[in-house]
Every structure is written in C-alpha cells, then in structure tokens.
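Look at the two complexes coming up: subunit A is in both, with subunit B in one and subunit C in the other.
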Partner chain A sequence: MVLKIFFPQCCNKADSGLLVGRWIPGQNSAVVLAVIHYPFIPGQVKQYIQQVESVCVLTFLSSPWFRWYIQQVESLCSFLRDLSTIFPQGQWLQLSREMGKIGFRCHVLTRDPREKDKVIFIHYEQRKVMLSQLHPIDNGVPDPQTESQLPQVFGTVCQSEPLFFLDKYDDGPVKMTHWQSEGREGSIIVELMKQASTPVCLLTTWMLTLWTSLCSSRILNMRPMRFISSKLSTCVQLSYRTEHLQTVCSPTRATAHNHFMRKANIFVSFFVDVSLGLLLVSWMYRENRIGKLANTLVPAADYVAKELEELLQWLMGAPAGLKMNRALDQVLGRFFLYHIHLWISYIHLMSPFVEMILWYVGLSACLGLTFALSLLSDITALLTFHIYCFYVYGARLYCMTVYGLSSLWRLFRGKKWNVLRQRVDSCSYDLDQLFIGTLLFTILLFLLPTTALYYLVFTLLRLVVVMFQGVLHLSVDFINSFPLFAMGLRLFRSYRLAEGVKFRVLCEEPGTPLHLMMDINPLKVSSVVQTYRTPTYSCYPKDSWLALCKKLFLGELIYPWRHKTTKID
Partner chain B sequence: MQNGDQHYSMEDETYTDIDGKAISLECQSHSGFCREFTVSSAKVSIGRVMAYTCAVWLSAYIIFFVTENTAVLSSAIIITLVGMMVRIHFVKVDHETLLIIGSLGVQVSSSYASGRESTDFIEMGKIKDIVINEAIHMQTVIYYLCILLKDPSDPEAVSSVVPLFQSSKPRLNCLVKVYKSCQEILAKC
Partner chain C sequence: MGADSGSGAAPGPAVSWRKVLWERQPFPDNYVDRRFLEELRRNEGLRQYRYWAVVQEAGLVAQQISCVALFLTLWLYMEQGLLSPSTLLWTGLLCALLGYGLYQALAPRGDSDNHHRTRWSDLQSASIFLSFTFGFSPVLRTLTESVCTDTVYAMTALMLLAHLVAFPYAHPSPPGSLSLNAALFASVCLASRLPGDLHTSGGLDSSSSPSSLHTFTMLCWALLVFALWPCLLQRLRDCAPWVFGCVCVLVGVCGVGGLGSLWPGGAVLLAALLGTVTLLCPLLLIRLQSDKDNIQGPWDEAEIREDLTHFLH
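The block that comes next holds the complex of A and B.
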C-alpha cells in the first residue's frame, strides 16, 4: 500500500521538529498540520494538541544537524522510546532532507517489522485549503468509512482551526510553524464592521417586525385588499424583499457555508439594487424629468384610445376584405367604442392628479431598481386595463360560440356527451329538438367568423402587453436571484469555491519519493450560478407551447405568467 | 532526460488520429506508480487561418462594393477577430494529458491553443477500471479509452463512463500503449 502524506508548504522552511496532524483511517494517508519546534516539553505538547480532536503526533522531521546531535547525545531508539511513552502509537515516520536536495525522504521506523512502504508526498497550500469549500456540498454527517479522501483532507484542515491560533510572537508553551505563524490575519475594516453589525441588525430586525405586524393587521387583510395586493407586482416584490431582509438581519451568526453564502448574496444584491435605484431616482428627478414623463402619460393614453377606435371602425367595415355579419358587427363595435369612451373619460378625470401621484410613487424607486421595474409593470397593467377587458369579452364570446358549436355538431350527428362516462354516446333526439338544434347550429356557424376576428385582434393586443410585462418580470427576477457575492468570490478569490483539486509533479531526485503539488481546481462559472441562486418566485410560463395554443384555439382565458406562491429551492 | 524520470516519445512509430492527421504521444514515468501520457494534436495552421480571413474579407469587400455601407467592413473585421479568439480559447485543443498516480487517482487535463487548461481529477476509490471501448461514429467504428466509475450504492455496477482523449481521438495502437501502462499501475495497488 502506498502511504500518502499531505504536507503544508509553509512547513517547508521548518528546520526540525515534531509533526502534528491526523491519520485518515482507511485511506493510508496522513495530513500534516503543523511543526512543533525543539525544545519542547512532551507533556505540554500533548495537552495543547488534545484541544483539537483526532489530531496526534505523526512523525518527526529531522535535519542533518539534528541527527548528528542525537547521535552524539543518545541513540535514536532511546529518543523514540521516550517519545513513545508519551505519544503512544504503532508507527513513527522520520522525514529528512539532505543538504543540497529539495525533496524529503521518509523512513518508517516501527517496532513491528513491515515491508518497505512506498510514499507519496503531496504538498498543499494550507491557507487556501483552509479557506476553501469543496463542492458538491454534503449537508448531512458523512460516514467516515465510506467518505472519499479529499473531503476528509479538507475537513481536517478546516476543523483544526484552534491549532493555528498561536503564532511565533506568542509566548506559549509550544513553538509551532503553520500558515499563521507569521502572525494572525485580520483586517480592521472587517473587525469594525463586525462590531457595528450587531446593533444595526437589532435595529433593522425591530423595524422589520414593526412593518410585518402593520402588514398583517386586520384592515389590510380584508379580502379585496389581499386580492389587489396579490395581483400588483410591487406589493409582491415588497413582501419578498422584507423576507430577504429578515434573513440577512437575523442576529444569529451563519455557521453552515450555504447559509453564509445565501446571506452574503442577498446582502450584496440588495445593496446593488438600492444603489441602482438611487441612481435612477437622481437621474429622473433632475431637470424635472418625472414631470415631463407625467405630462406625456395622458396624451399617450389618448393616443392608444384613438388607435383602438380606428381599429374598431376598421373591423366594423370590411376588414381585410372579409365580409362580416352586419348586425353583430355593429353591436360589438358600438359596445367596445362606448367602453373606450368611458375609459378615456376616467383618464381625463384623473389627469390633474397624475403628476403628483407619479412624483410621490416614483420616490419608492429609492428602495431599489426592482421596485422601479415592478412599478412600471403595474402602471402598464393599469393603463391597458381596457385592452384586458376587451380581451376577456372577446374570449368569453368566442368560447361560448365554440362550445355551442361543438355541442350542436354532436346533435347534428345524433350523438351526445355523456357526463357520467366522460365520453360521446349516441342519443335519439325528438324531431323538434333536432330542428331547433340544427337552426341554432347554422346561426352560430355563420356568426363564427365575426366573433373569431374580434377575438383574434384583441388576443394579439393582449399578448403584446403580456410580453412586455413578462420582460419586466424576468429582469426583476434576474436581479433578485443572481448570486453576485458568489460570482465575485469566483472571479477574485477563486480558491474559496473548489470543484476539486489538480496535481502537478514537482521536480524530483533519485532516491527521494514522489513529490506532487496539490492546487485547487475552482468551480465552473455555470455551477456557481446554479448552486448559489437565491430561490425566488420564479416567473416562468405555466403551460407549454402546445397547451397554450390549444387554450387559445378554444378561447379559454390565458394567464401565461404564473407566480409561484411557495419558493423553489 | 531528467534524473529519476523515464521520458520517451515513440519516435519509431508515428501515430495518427481517426481522420488520418498526425499526432504525437509522449510517455513520462515519474516513479514506479506514477505515469503521465500526453497526446498532442496538430497546431493551428497558419494557411487555414489566412484562407478563412481572406475569404471573409473578400466577400465583405464585395458586399461593400454593392451596398456602399461601411458597417459591412467593420462588422467583417469584428467577426473575424471574435471568431478567431473564440476558436483558440474554447475550441482548439493543443494537447491532452492523462496523469495516473497509483492509489491516489487519475487526472485528465485538456490544454487549449490559447494556453487555457481545464483539469479534472478522479479519485482512485471511484474508479472501477480503465478500458478500451468501441463506438459507432458517423459511418465508422472507432476505439476510445475510457474510465469506468463505480456506483456508490452498488459496487459491481458501473455508474458512468468518462471518455479520454476526446479531441485528439488517437487510433488503437496509441490507445493500447496507454492502456497497458495504466493497467500495470492499477494492478499494483
């Protein structure tokens, strides 16, 4: 069996000492964590390393000077005997480096005679392995027997953090070399932010509880208000952001990696969102652009209404050369024209207040760019409400025509729909039933082109509006869910998100075992987005294309974009 | 030859890939249980690059001559540059390496013409075997070397297959040499 020793690069310059680390059971490998220098008191060393679980003294590293010293003072065996009484273990390794050579040599010194083992030295950079997270992340408690080698190595280094607290400037009982022995890493900004975060979190949590209790009060929870707030995307976005803020501002620290990344992603995307929103507001409110926008809103609505009227006049004539049923055409056309007239009157009634409303409502874009986009989507929905109404009238009329036609067609052939058996059965009708049925069938059939044309025109208009709203919702969803923090980490500190490792053979000399360098293989960009996406009420088409076409053909009302009420994870 | 390294490229045999283009195989033995195989394909041919560039620019000039729109020329330049960058960074593979380390694992790496390297490491515990498989590719039957991975729930079943040397596609004589070396190492541990 080949013995694998994971050796940190920072310990390369250590002269001689005792190596502490951990044996990985079942894999015949050892992870070296630090070097304890001579002179040391073995009892104190044992006490110190017992703080970290499953860390033990592995081997000792000797330089040529040290071996000479041992030979002069006492023999190697008696030295080992003394050490073995304090650190009982079956196998001792002696790592040595000759003068002028770069690679280590390893001798296995044991009490039980064993065959000469082959050894591989794998050098790793301790700081990077300590800070990195191996993917795919295992959330449960892994079984140490079946777990593969790499997660165990990474796990060992991460769990041994207490071992790295002493650096070479501390006056402790033991002198160690590890990645932090030059001095512990820290950043003033990070420490200040940690101190400031607790009161800020408490304040924000208190404000959020106030806000949520206000939202769930009796007045706002009545049926009509709830219905309206579920339809307006601004309210949905508001509730969503409240939830996000509650996650971020919870006073408990995030322990698991997933939890920490989620909090960081939400915080960064919220920050970017708010800054973009503030930029937008500052640009819009300069030079009174918002006033100009408000002034163009009413003429735009007028223009849309005028175009619709022209369209209806065209339909009431001979549209595209088709011959319509005169009476039905006139009825439908006049009905819709009156509807438009009512709508325009309401718009004109509201026109003095539009600028003021828009000015105040536009200020809510300070909360973020997503709010501005949701507002735009809501304003579009409100201004094109008459198109929605026309679509519903046309669709219902067409739907009734189609169902009537299909039922009367069955009567024409002498069949009937059996509701109990959910199938078509033959049925004997009376003569007067057949007579009236055939008459009605003929009437509906000849009226079909007119209703179909109105339905087609208004469905197309509705689809245009829906598509515009869909684009806005998709961009809001994208801003909400894109993991900016994880992406930044992948671009600037790529070793923190590891997909695996890669090995490189270091130069070697005859007589020394194989030396490999283990580097971290960073996670692919697509995997980063997939793993760390914030779950959202994702906006996706409810029906497939085929089902959508079928619904359009039958005249059923379509709501192509569905908002999930529960989050997908 | 480096100390402690057995380094030999097969000069007496020339290897080709399945299309007949010449490739080269280099075997390096770092230790008794660690070997590295590198299959290099042909480099980017300057003749082909110039031919494509001339063709695109000539057609752009003809269109410009007809339509008198300068946007055609600038778009032709941009298309050529972007296409070339995409090809050498994402498409053209310079050499592929297989590093097998006994009782540790197998590392498969592709190096692209722009210098980018994409690496994948498979632990020995997950590897069931390294075999040569047959496949039907268009109208021919080709051989390819692949790694069989174990299924974690059922140790006898094969959960997935990782094909090696996919861009260089060497022929059977080259694959047999690599296969024999790998099997020696797999048998030892």
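The block that comes next holds the complex of A and C.
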C-alpha cells in the first residue's frame, strides 16, 4: 500500500510542530493543511480546531482528524501519550528531516502495527490549489465514497479556508504556518466595492422589478404588441439583457462555482458591451454624422426601389429568352410595380421625420453595442419590407402552382393520393373530373415558367436580406454569449481553471521517500468557451442545407434563422 | 459420385427410382429414368384464334385511329379557315343530341326512375362541361403563344400517340384516365394554335371574340370525339354487335375521306395503316401462333395457390 501525503510548499521551511490536515477516506492519502508550532497547549489547540470545524461544517466533522507531527527533538513518547489523550486518533505519522538531506522521512505509528507502508510526498502550492476549480464540474453533492482522489484533495484545501485566517501577527494561543501566515492580503478598493455593492445591487434590483412589472402590464401584453415585440430583435435583446441584469444584481452571493462564473461573465460582457456602445454613440454624434446618415437613408430607399422597378420591367419583357406567358407576366409585373409605387410614397411621406427619429433612436445605442446592431437589423427589416412582401406573394403563388400540378399530374395518370395510407393509389375518376382536371393541368403547366421566374427572382432578393440580417444576429449572439471573464482568467490566472494536474520529481535521494511536485494543468481554451458559454436565444440555422433546398423547390416560406427560447440552467 | 448421367447406363437394382430428395437412393444424384420429361407440357393454354373474330376486334383499333384522324381533319379545316367555328359548333351540338338520344334508346330496359335521375345528372355534367370550357377559352387561347410551333406539334403528336396506346380497347365505356387526358391535352395544344387574330378586327356580333370561339369549338369537339363517342360505341357493341361492325367501317371511310379532301397523300397513308391494322395484323397473329413454343412443367417456379381447404380438416 502506498501512502500519499500532500504537503504544502509553504511549510517546507517551517519550524517543527503539530501538522493539521485531513485523511481522505478510502484513498490511503492525506492532505496536510497547516503546521501548529511549539510551544502549544494541546487543550487550546483542540478548542481552536473545534471552532474551525464548526465553521466549515461539511468537511471536518465527517472525517476523523489525524494529527502528525514533525520532530526535531528526541524524546516523544510521553509527549505522544499526552497528545493521544487529547486527540484520540488511531493513526499517527511522524515526519522528520535529516540534516544535509532535502527530503523528509515518514514514520507511521499506528495502534495496530501493519507492514511498512511505502510513502510518497506530493508537494502542492496551497494558494493556487485553494483558488482553483477542477473541471469537469460535478454539480450534485459528491459521494465521498466514490469520488476520486483529486477532487477530494482540491475540495479539502478549498473548504478549509477558515483555517487560514490566523496569520503570524495575530496574538492568539495558536501559532500556525500556512500560505497566508505572512499576512493576509487585502486592498482598499476591493473592500470599498464590497461595501458599496450591496446597496447598488438592491437599487438595481428594485429598478429592474419596476421595469419588468411595467413590461408585463396589460396594455403592453396585448396580442399585437406581443407579436411585434417578438419579431423586433431590439425588444428581444432588451428582455434578454433585463434577465441578465437580474441575475447579476441579485443580492444573494453566488455559492457554486458555476453561478459565480456566470455572474462574472455576464457582468464583464455587459460592461464591455456598454462601453463599446458608448464609444459608438460618441463617434456617431460627433460632427453630426447621424444627420448625414439620416439624409442618406431616403435616397438609399429610392435607389432600391428604382432598381426593383428596372428588374420588373426586365421580367415583363422576355428575360433571358425564356418563354413567359405574356398575359400573366403583365399582370404580375403591374401588380408588383404598383406595390413599389405605394412603398415609395410612404417613404417620402415619412422623410421629414427620419432625422429626428434616428437621432433619438440612436441614443439607445448607449445601452450597448448589441442594441446598436439589433437596431440596424430592425431598420433593415423595415426598409426592405416590400421585398419580404413580394417574396411571400411569389412564394405562395409558386407553391400553389406546384401543389396543383403535382396533384393534377396524379389525376392525369389516373392515380390519387391516399391521405390515410400516405401513398399513391389508383382511382377511377368521373368524366367531368377528368375533363376539368386536364384543362387545369394544361393551364398550370404552361403558366409554370412565369411563376417560377418571379419566385426565383424574389427569393434571391429575400435571401440576400436574410443573409445580412443573419450576420448581424450572429455577431449579437457572439457578444452576448462569449465568456470574457472566463477567457481572461484562463489567460492571466490559468491555475484557476484546472483540468488536471501534472507531477514532476523534486528530489530522489536514497533513504528518503519519493518527492513529487504537483502542478496544475490549465483547461484548454476550447473547453473554456464550451463550458462557460452563456446560453442565449441563439440564432442558428433551423434547417440543414438539404431541407432548405427542398423547401425552396416546393415554394414553402423559409425563415432560416430561428430563435431558441432562453434556456434556464 | 461421378458424371454418370446416362439414363440407361446405371445398373438397375431391385428398388425403383423415386423422384424425391429426402431419401438416400442407390442411384447417382443426377440419375433420371425413362419417365424423364413426362410432365413437360407445351403451349398450355394456347388459344385458337379465328381470323374474322380477330379482325372484328382489330376493327376497334382501326376505328380509334380514324377518330383521331377525323379530329385532326376538323382542326385542319378550322385552321385553314374553310369552316367557320359557329358552323362546327352547331353541328357538334346536333351530333351530341343525336348521340344522346341513341344512347338512351339503346339503354337496357330498367325502371324509369333510374333514367330520370341519370338524365338530370347528365344535364348537370353537360352544363359543367360547357361553362368551364367557355370560361377557360380566353386563357387557353394564349397559353402556348410563346412556345414554338414545332414544339406544340411535337407535344400534340406525342399525346395522341399516348392516347392510342393507353386506350381501353377491351372496355371503352369508363374512359381510361391517361388516354382521355392525353387526348384533351393534345386538343388544348392544337386549339391554342388556331388563328384567331385575323377575325378580331372585324365586327363582333357574338358575345365572345371569334378566337375564343375557335378554342371553345375545338374543345367541344374533342370532348365529343374522345369522351362521349366511346360510351356510345360501348352501348352499340353491347346491344347490336353487327351494327358495331358497320359503324367501324363507316368511321374508317369517313376518316380517310375527310383527310383525303385536304391531303390526299395522308389519306393514302391512313388507308394503308387501317388496312394493315385490320387485315394484316390478325393474319400475322394467327400465322405466328404456330411458332409458339412455351413449355410448362413441374420445374417451374412454385405458384402458391391460396388453397387452404386442407387446413379445415
């Protein structure tokens, strides 16, 4: 049996004394946390340790305390007997270091003597292990029997934080050496922020409650408003950010590592977002750039309309030599031209107010860069609404043509679609059904090129707009979900996110056990992003490429970007 | 045990050979005795055709070909402007009425209630036909405007061929879907190629433009020839078979004659075709029966006959 002893590096040079630590059940290993120096009164030590145990209730009460001591004096037996009466434990270990050698030696003293155990010392940096979090994170309550060794070691060090509050400047009965014994570090700014955070959080929470109650009031919850607000990406982003702020500003402290990281990520990304937004606003409002932007909007809309008109004139002729049915061509072309005419009239009607609207609306970019991008996406959607309408008309017409044709083709061959069995069956039709069916089939077949061409043209236009909006939404989603805080931790304090450990040999002398140094292996960057990604209403392509092509071919309306509902984790 | 396959070369033990697989017999595996090929049956189910019966059946095919020819003749007349559409329309209506009267006269003796109900539904069907055709005529007129004439002719030919191939010759009365639809498609293609623009400048005394009338007439005649005429033919065949033969001959003669008035070469070709189909092909069929050589026997694939009576006892 190999006995593993985890020994903090800070205690290597400590004076002799009583070691305080924890025996990990079932793993035959022990974690040393601190050294209590001579002289000490065992009764006071026991009192102190019981005090500490009462604070970290979970860890220490459930495991028996074993004490070891480092010895540089000769006679111990009576001392050991004294200690055994105060700390009634079964197993004692005796660590010693010989002069001239670097490594320790360990001597196991048990009530029931067993064969000589082989001992390995594993040195660890206490501060890093205490602050680090081992991945993958186990969210439930771990079962001490089945949990593996490394999480238990990390957990022990992490949870014995109250043990490290005494430093060497304290006037207590107990003198300890641990990572913080040179003095606890603190900073005024951090303390001030901690003091100020609670009232700020309370204020923000109250304001958010007010805002959410306003949003869920009856007026704003009517069907048309709800429908519009679900379509406008600005409103969606607004509700999303409200949720985020509620998470961040909740007055309760985050206990689990996950919650803490989520709060930190949201806070940092919100901060970055708002600062970028303010930067954008300051840039735009300087030199009246927003006025210039407003002045180019209406001519841009005019230009788009003119191009569309030219396109329709081309379609009404003989485009690319295709055989279009002249009558239908003229009808469709005139219909769409009239729509464009209406649209341009509305734009011109609104043109005096555009600058003012844009000025005020642009101020909302102060809330963040994501808002500016969502606004841009919404403005694009509003300005190209006529293209969307044309697409819907063309798609519906084409869809009807295709479905009619496929059904009448089945009639042509004397077959019918059996809805119950979902298959094609033969059917004997009546004479008048056959006659009218054939007439309609002929008409639809010859009108197919015309409708197909209009559908193709408007679908292409719509896809261009959709691609642009998709790019905007993807970047908004990226800003929302990227875990900046976790990334920063990984880059600057890589020991905080640990994937595992690595060992290297410190010294290997004959006569002393093996000494290893445990270093923390930081988490891979891709795992960081994957683990700490904030779940969002992510825009992802709803259909695969094949399904999309099939929908395009059949003329079904496509909405390629679909919003997922926010996941509650 | 060797390639010994002679039927008489094997030694003849006391036990006789049985044609079973599960029993180990002292014969080689490929041994056959003198009863080999006893169960071979040749040309089972061979029918003896009689020439004139086959000719009579083939007459229906010839009749259908001449119907198609007649239809094409009418189209040619209208296209060349030799017949005005209104004349044709009235002729068609008259023929329809005559045919309907004949149809009802030849009806099997049943109760009169059936007749009344059928007459009312017939009237409904007729009104549906007429209204739809009239309503769609302006649309159908310009349907193939942009399609090249050669394409239209090619499509028509293909569709009429499909009609002839898919026609239910055994039982023409419920019209086959594919054949009727192909014929109507062909007639729509042809109808859209009729010249109508020459008459639009003239004075219009009817409610519809002349070119729409062309289309309407064409479609009415298509309906008559391809949809209603086979029903009458079926009735004739059922009631008076000898009249049926005369009618086929008459139709053939009309077809040839009609085509001949416009295109003599075509008439000759048509006559040749009809003769081949009616007279030559039955001859070939009967002659070639003697060359038939089908063999059936127990080595054919097992046919599972649904005879479950042995499960009953």
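Criterion: the second predicted complex is superposed on the first by the 539 of 569 C-alpha atoms of A that agree within 3 Å, B and C clash if a C-alpha of one lies under 4 Å from a C-alpha of the other, contacts with A are read in each partner's own complex, and residues count from 1 in each chain.
What we mean here is this: a contact is a pair of C-beta atoms (placed from the backbone, for glycine too) under 8 Å apart; a residue touches a chain by one contact, two chains touch by 3 or more.
Treat the numbers as computed from the prediction; the structure is a model and nothing was measured.
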Simultaneous placement of subunit C and subunit B on subunit A, clash or fit: fit
Contacts of A:393 with subunit B and subunit C, given as first, second, both or neither: neither
Once both complexes are placed on the shared chain, angle at subunit A toward subunit B and subunit C, C-alpha, multiple of 10 degrees: 90
Touched partner set for A:501, first subunit B, second subunit C, both or neither: first
First, second, both or neither for A:468, with subunit B first and subunit C second: neither
Partner chain in contact with A:150 - subunit B first, subunit C second, else both or neither: first
Subunit B versus subunit C as contact partner of A:514, first or second or both or neither: first
First, second, both or neither for A:1, with subunit B first and subunit C second: first
Minimum C-alpha separation between subunit B and subunit C after superposing on chain A, in Å: 45
Residue ranges of subunit A touching subunit C (in the complex, touch as defined): 318, 323-327, 411-414, 428-429, 431-432, 434-439, 441-443, 446-447
Residues on subunit C engaged by subunit A in the complex (per definition of touch): 125, 128-129, 132-133, 136, 139-140, 142-147, 174-178, 180-181, 184-185, 188-189, 223, 227
Contacting residues of subunit A [partner subunit B, same complex]: 1-2, 4, 28, 118, 120, 122, 146, 148-150, 500-503, 505, 507-514, 516, 521
Partner subunit A, residues of subunit B touching it in the complex: 2-5, 30-34, 36, 99, 101-104, 107, 109, 119-121, 123, 125-126, 152, 189
